[in-house]
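See below for the structure under consideration.
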Amino acid sequence: MDIEIYTNLAYIVAAALFIFGLKMLGSPATARRGNVFSSMAMLIAVIAGLIGSQAVSYEVIIVGILVGALIGTLSARLVAMTSMPELVALFNGSGGASSLLVGWATLYYFEGDVVPTFTAATIVLAILIGGLTFTGSLIAYGKLSERINSAALVFSGQRVLNSALLLAIVACAYLFCIDPSATSVYLYALLGLALLLGVMAVIPIGGADMPVVISLLNSYSGIAACAAGFAVGNNILIVAGALVGASGIILTNIMCKAMNRSLANVLFSGFGAAKTAKAVEGEVKPISVEDAYYILEAASNVCFVPGYGMAVAQAQHVVKELGKILEANGCEVSYAIHPVAGRMPGHMNVLLAEADVPYEQLVEMDDINPRIENVDVAIVIGANDVVNPSAREDPDSPIYGMPIINVDQARTVFVLKRSMASGFSGVDNPLFFGENTRMLFGDAKESISGVIGEFG
Amino acid sequence: MQIAVPSESLPSERRVALIPDAAKKLVRAGLDVHIESGAGLRSGYADADYEAVGALIHNDQTALLASADLVLRVRKPSLEDVAKLKSGAIHVSYLDPYNEAGLVDALAAANITAISMEMIPRTTRAQKMDALSSQANLAGYVMVILAAQQLDRILPMMMTPAGTLSPARVFVIGAGVAGLQAIATAKRLGARVEAFDTRAVVAEQVQSLGAKFVEIDLGETGQTKDGYANALTPEQLELQRLGMKDVISQADIVITTAQLFGRPAPRIVTADMVAAMKPGGVIVDMAVDSGGNVEGSEPDQTVDVNGVSIIGMANLPAQVCKDASQMYSSNLVNLVSEYWDSEAKHFNLDMEDDILQGCVITHGGALVNAAIQSIRGQGA
Amino acid sequence: MEIIFLTFILVLSVFLGFELISKVPATLHTPLMSGANAISGITLAGAFLAAGATNNDMASWLGGAAVAFATINVIGGYLVTDRMLGMFKSKRGK
Amino acid sequence: MQIAVPSESLPSERRVALIPDAAKKLVRAGLDVHIESGAGLRSGYADADYEAVGALIHNDQTALLASADLVLRVRKPSLEDVAKLKSGAIHVSYLDPYNEAGLVDALAAANITAISMEMIPRTTRAQKMDALSSQANLAGYVMVILAAQQLDRILPMMMTPAGTLSPARVFVIGAGVAGLQAIATAKRLGARVEAFDTRAVVAEQVQSLGAKFVEIDLGETGQTKDGYANALTPEQLELQRLGMKDVISQADIVITTAQLFGRPAPRIVTADMVAAMKPGGVIVDMAVDSGGNVEGSEPDQTVDVNGVSIIGMANLPAQVCKDASQMYSSNLVNLVSEYWDSEAKHFNLDMEDDILQGCVITHGGALVNAAIQSIRGQGA
Amino acid sequence: MDIEIYTNLAYIVAAALFIFGLKMLGSPATARRGNVFSSMAMLIAVIAGLIGSQAVSYEVIIVGILVGALIGTLSARLVAMTSMPELVALFNGSGGASSLLVGWATLYYFEGDVVPTFTAATIVLAILIGGLTFTGSLIAYGKLSERINSAALVFSGQRVLNSALLLAIVACAYLFCIDPSATSVYLYALLGLALLLGVMAVIPIGGADMPVVISLLNSYSGIAACAAGFAVGNNILIVAGALVGASGIILTNIMCKAMNRSLANVLFSGFGAAKTAKAVEGEVKPISVEDAYYILEAASNVCFVPGYGMAVAQAQHVVKELGKILEANGCEVSYAIHPVAGRMPGHMNVLLAEADVPYEQLVEMDDINPRIENVDVAIVIGANDVVNPSAREDPDSPIYGMPIINVDQARTVFVLKRSMASGFSGVDNPLFFGENTRMLFGDAKESISGVIGEFG
Amino acid sequence: MEIIFLTFILVLSVFLGFELISKVPATLHTPLMSGANAISGITLAGAFLAAGATNNDMASWLGGAAVAFATINVIGGYLVTDRMLGMFKSKRGK
């Protein structure tokens, strides 16, 4: 009893350190110290756990630790910096496997005794989520390191198969919980199904989305640790697992936003979303100020394309301010001026000179168009006709033949305007429906100020 | 294909139809460019500059015109010039076709394809050839500089140890291309700017430059489909005068830019309004050439009316002739390039094209322009 | 009753986890993920229970494997995170 | 106490020493203000405006001067004017005491207390009376307006359908009060502005206006304790000329403001630099009156040297005479109020006061100013 | 046992609702809903607590609830809006009293049984903090409603008395814990001392600081509830109490910053700080961007006073931006231009016109000086000589006699500059040492941008 | 062991309390304080234990008083907070 109290006191200290560590990891200035805090917490927790386990034999433990430490150290030290994400995936898989094994091993405590249903349920969770994390991470690793085809793998009957898989898992889990034991066939079925689930969940996701998948699986491995914690009744597993589970979800969400996707889209794209993707083409995709921030924060080449709306909103000063913030963020910034933007020749020049945008950053249409593909984000500020692709593509358009700034060929386009209304020439603009276009509705000045606020 | 750029015959015309940079583009496109000796001199371009880009210099204007397939110039040709042109040649310049019936007839008779730069339609696609806009833009800037130079005050506000100078008040009437640029320039110099236009749609544009739009309720006005203003009824003009008198009496500088295309300009600022201004005030009348918006303005003169100066400079863009020439040349080059097939070395004057339909006045020996024809119809 | 306490702890931890991470600059996404991943190796503390028991061979084998896997996650995770963060050193320092 | 404001005798002097608003302040302070009829006319102020604030109008200048205790004017008096003054009167105006030895002696002989507005010391406290600064400030603005009006280009950048006009380059030499205002005005108009000054401390001030400071290494320079520049050695001048030639050859507008107080201005822009400029370029020489910074500049003329215009307007502030008069009046009113005891109705000329020590030239029948005395000493 | 599980499940739900409620209370848009959430949580917790208490007799409970509800409702409904802060103090006092009583009552459970030391300690805490909160809140109420003298009460020997009081409390607490019982004399001593402590802690604090004191006591009452929770072993008391305790501390801190004082200063000013206050006069008081934000956020009249430093920093655009934000925040904004600010006549005009500050907001020195006392915050942006009070006060100063903008007479002055360096005329500036001056060191543009970021 | 759990819960709640409140506009200071104050009336849930016990008169009197005081805090606190917040309605709506 005494030992239990002391280990748990140590766990409390460890929990506090984990909390500090995670918090500090989220900010550039403190991230490294945060990692040290968190590793100290781990040391305390592990030593306390070791003492608290009141182990009878230490051989297996020592061998396990030695093997694990060796593999962990070597791979962390030797692997090239560029393959870090794969490595994290592998480590994450180990965590999942460990949770699965702990859950499984717990069953053997009860030899002969009845396993309480609650414990059985937590064991099932630990096994399921641990197994899913394990194989899911392996597949993610494979895709990232291109050991397996990194393209999304979609085959007919996939949805049916996945549905069947889920059904089977629910059934086995139920049957196992009714009569839980270390020798239950359902246990083995569950083990297999969990591993299969991980594979099935990740194969239909493309390689480019892997970082998000890993982050999600990381969150899962926290949940798995949490479930294992319930199974063995260990506080620190629950606290640390829950912290990782919850903050992992948030981080995943942040990453999705930075990639311009919803979490749901990533979570379920494996189950048939690929099919429906085509259908949403031609849809207007609004974006929030916050999401715009995440994308801009990660961009390294931003081009502003101002139009009459910037003048109406008198947004030139905030635009310049955002430009400077982006530059400070290590981003290349330019202002592409279309000759007829605005309502008088040189309209944009007057405004941008007033805001003291250096002449060097102003580029002409003919200079920006050849390198527009390298622009990560083209921010169209209240321009419309001058970025209307139908001037280039649609011979029936009244503005056909007018050269435009080809923002539709930039990686991402933000269009800042108040509505879907057309511009001076009154023609519709297919740009707004583009695949890579995001509409940031609202007064341009307010929208930009909002984004600046997010950077603050 | 031989392009000829004669010197401008009007001594006050400092612009040139083709600057060396523009000539270079045409030479590159495979056209032969011939320049009359000294044509660019008043804009600061020597014959050598043209030769450097591959143009040929001619001393004899008559020979130059006679051999040209395409003549580019700023001002309308004289009747003698028309006589010198070869039949079938294309002549591009300002023409004032609404008022120059005789000249148009002469051009038609001489079988010249005459393109009038004023008649380039105001469509989005034609903007790059629109010389009226490009020159009006510069005129807007020039008017403010002239007014600032004439005014016995400074435009910006200054809070100094020797007291506070309040910002000058500038009132711009007519917020078209020139008016907007005038607003922008006056704003830049720190003046308090107000503007008025009969087209209510420009209120937003005025505000987008940080100036104040003066609201005067005139009832129904409107604009033509090309973006030109409709003429006002006499009652509306009276209403407008009353509404503006107040603003004018407080203004240090008044700039009027109200032109009605092809017709005499409206008389907006009357003698009593001028009288209401403070001594030392300045008025710039951009429409002085087409009748004047201001009572008492005289072309190319600065008239003093009880201490108020009325500047009536007719050719405002020529004040900044270097930039004006550059922009006008660009307009011409854009026009030529649009219809010049550099593969086939052929000038492709497709009379179905909406731009050409607007700006070609005579072709194949006849007056072909619908707008001018309809005016003639009325006249008859 | 223990379950109740554990649930309490779980709920509070989840809330805390949500609150802790708010705005994270893109450059820190991967290190943060990796650092959080290392924490999820906490299963190690639970694996000892199984690995240290002599009463059942199977359990102690499973436990041993669990210890090894978890250790990989912990050691590897912290080292990799530190390596990544080392690269930012003094690049930014808000 | 009777204050007299005679008309300026120089026909080109459009300023007036006291505008009605300023006269009002003095009247309120209990002084009798007498104005010569028509004194304010050229600045736009009628006699009636003065009468409205309680000043009295005189037609006879001689009588006016003879009865005055305090004379306020812009320009230095003629010897005849001095003769008309009553003994013991105070006379405030520009005096140019370094060069006008005869006038100073006459003032001393007539027992006039002569205050020279150029000699107001440049202390923070005296700034409100510092007419040199207030007028130089306006001159800075005027120079840019004049240059912009003369230039055959526009100053701002414009990206238009008819091509891009690059911003004009303006180079300001001497970043004192006038130079800084010139920089600010040119920046406002959208030009690309560079500036140079021998005093390195102003680099930051130039940059604070968004312009670029041109670095030329001249070795040791420095400024006097009053903030005026030291004269350069011939070697330094040569170095500076070389360094500036490059910048000048690219500039569209060059503005020189380098004055050395009481001495001829340095010749900074030589004929070869002028020749290196593009035709159409404009130079404004603010120092034209004290010898000129620019070779070939002529007072009150615009000289054309191979297409480059050199504007040498001597009295720049008079171009904006209304504001200039307002500021000069403020300076005078501040000076008078500082020493006028409105309780005791007494003018309190405490010769220990550091401002008065600087600006009073003659007093009690003698030359009292230390700076002028020391010059005389050298001369002897 | 079953009941205990269900009540605790209810407690979990309540805890979650409390957390949501508190979070939402911190943002204007959601505050009201947050209060509803929190009250729902309270309802759930109270009902669960009632059922879980397995009370034998309900009379006392019902009477207690009725009496409390009546008093609470009536006072909340009837008291004028302007006396809200006092009322909150009274309510807070009730909470403290309740914790004290619960702690005290717990002793009676053990009738005869030994009270465990831990429980005894938590009881002592509940009584001490509860008692302190109770009387402290009453005094705060008295000061706020001016029923007692609202000035700080300081008398000689106060420090000695307070030290003796603390010593006595420690001694009694120790003696009580050694032999805890409901009849221990030390218990009664503690009760008395706790109540006295509350009085002594609050009387030396001036009426103007009362809101901070109430916030702090509020935090204490949370801690008291938490201690009571430990005493009776009730989870929801611990969770809710700790939440209030911790968030109360943070809120107190925020309020201190908005008042320009440190928490330590408020906490200990009662114990003699009043004496040393004089000594710190003439000290430079730097301020952080964050603290500047809190003060500006609460200001209703702000005047910018720009100088040459604004030009050097090219801060005009951000200044204008901050001005607009303040206006949007309901604050009156003006820009006071000194005639010689900058390095050329009209220097500030050029800059502010460039930033498009409306001419109407520019005021001359002679216009602002007569009403400078009404300015909550004068923000001096890189000006120095033009706001130097020695020009007004020190006849020996080289700039004596120059009229200045009397920012030293504004309620608070922020001076934004990079160092303590002097300005153009090279004279020292006593403004920087003023009582109401805060130095915001750093480049003016960065400082202002920082403040804008805080508003974001 | 129960104490351990309680301590765990305490520590987590304290962290959560710190994280929950970050930037609060000045106008919300008083309502937030008042709202938090209402929550601190949670002692009510603990007071029932004492007030409902019949075994000891003194305890139940103390408990009754505790219930009354706590109820004042709870009811009054929520009502007052709501009244205060009602005044902001639609004034701002970020």
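When the chains are written out, they are named A, B, C, D, E and F in that same order, and each has its own residue count from 1.
Keep in mind that, in the parts below, a contact is a pair of C-beta atoms (placed from the backbone, for glycine too) under 8 Å apart; a residue touches a chain by one contact, two chains touch by 3 or more.
Since the structure is predicted, the reported quantities are computational estimates derived from the model, not experimental observations.
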{"item": "For chain B and chain D, chains touching each", "value": "A, E"}
{"item": "Which of E-F and A-B has more C-beta pairs touching across its chains", "value": "E-F"}
{"item": "Computed distance of Cα centres, chain E from chain D, in Å", "value": "57"}
{"item": "Separation of chain D from chain F, taking each centre as the mean of its C-alpha atoms, in whole Å", "value": "74"}
{"item": "Whole-Å gap between the CA centroids of chain A and chain F", "value": "38"}
{"item": "Inter-centroid spacing, chain E versus chain B (mean Cα positions, whole Å)", "value": "67"}
{"item": "Residue list for chain A, restricted to those that touch at least two other chains", "value": "19, 235, 239, 314, 339-340, 345-346, 350, 353-354, 356, 454"}
{"item": "Touching two or more other chains - residue numbers and ranges from chain C", "value": "1-3, 5-6, 8-9, 12-13, 15-16, 19-20"}
{"item": "In chain B, residues with contacts to at least two other chains", "value": "127-128, 133-134, 137, 156, 158, 160-163, 165, 188, 190, 210"}
{"item": "Pairs of chains satisfying the touch condition", "value": "A-B, A-C, A-D, A-E, A-F, B-D, B-E, C-E, C-F, D-E, E-F"}
{"item": "Chain A contact footprint on chain E (complex, rising order)", "value": "314, 317-318, 320-321, 354-356, 452-456"}
{"item": "Of all residues in chain D, those that touch chain B in their complex", "value": "14, 43-44, 127-128, 130-131, 133-134, 137-138, 141-142, 145-146, 148-149, 151-154, 156, 158, 160-163, 165, 185, 188-190, 278-280, 307, 319-323, 326-328, 330-331, 334"}
{"item": "Contact set on chain A toward chain F in their complex", "value": "1, 4-5, 8-9, 11-12, 15-16, 19, 235, 239"}
{"item": "In the complex with chain C, residue positions of chain A that touch it", "value": "18-19, 21-23, 25-29, 31-32, 34-36, 38-39, 41-42, 45-46, 48-50, 52-58, 60-61, 63-65, 67-69, 71-73, 75-77, 81, 84-85, 87-88, 90-92, 94-95, 97-99, 101-102, 104-106, 108-109, 111, 118, 182, 211, 214-215, 218-219, 221-222, 224-226, 228-251, 254-255, 258, 294, 297-298, 454"}
{"item": "Partner chain B, residues of chain E touching it in the complex", "value": "337-340, 345-346, 348-350, 353, 356, 359, 362, 364"}
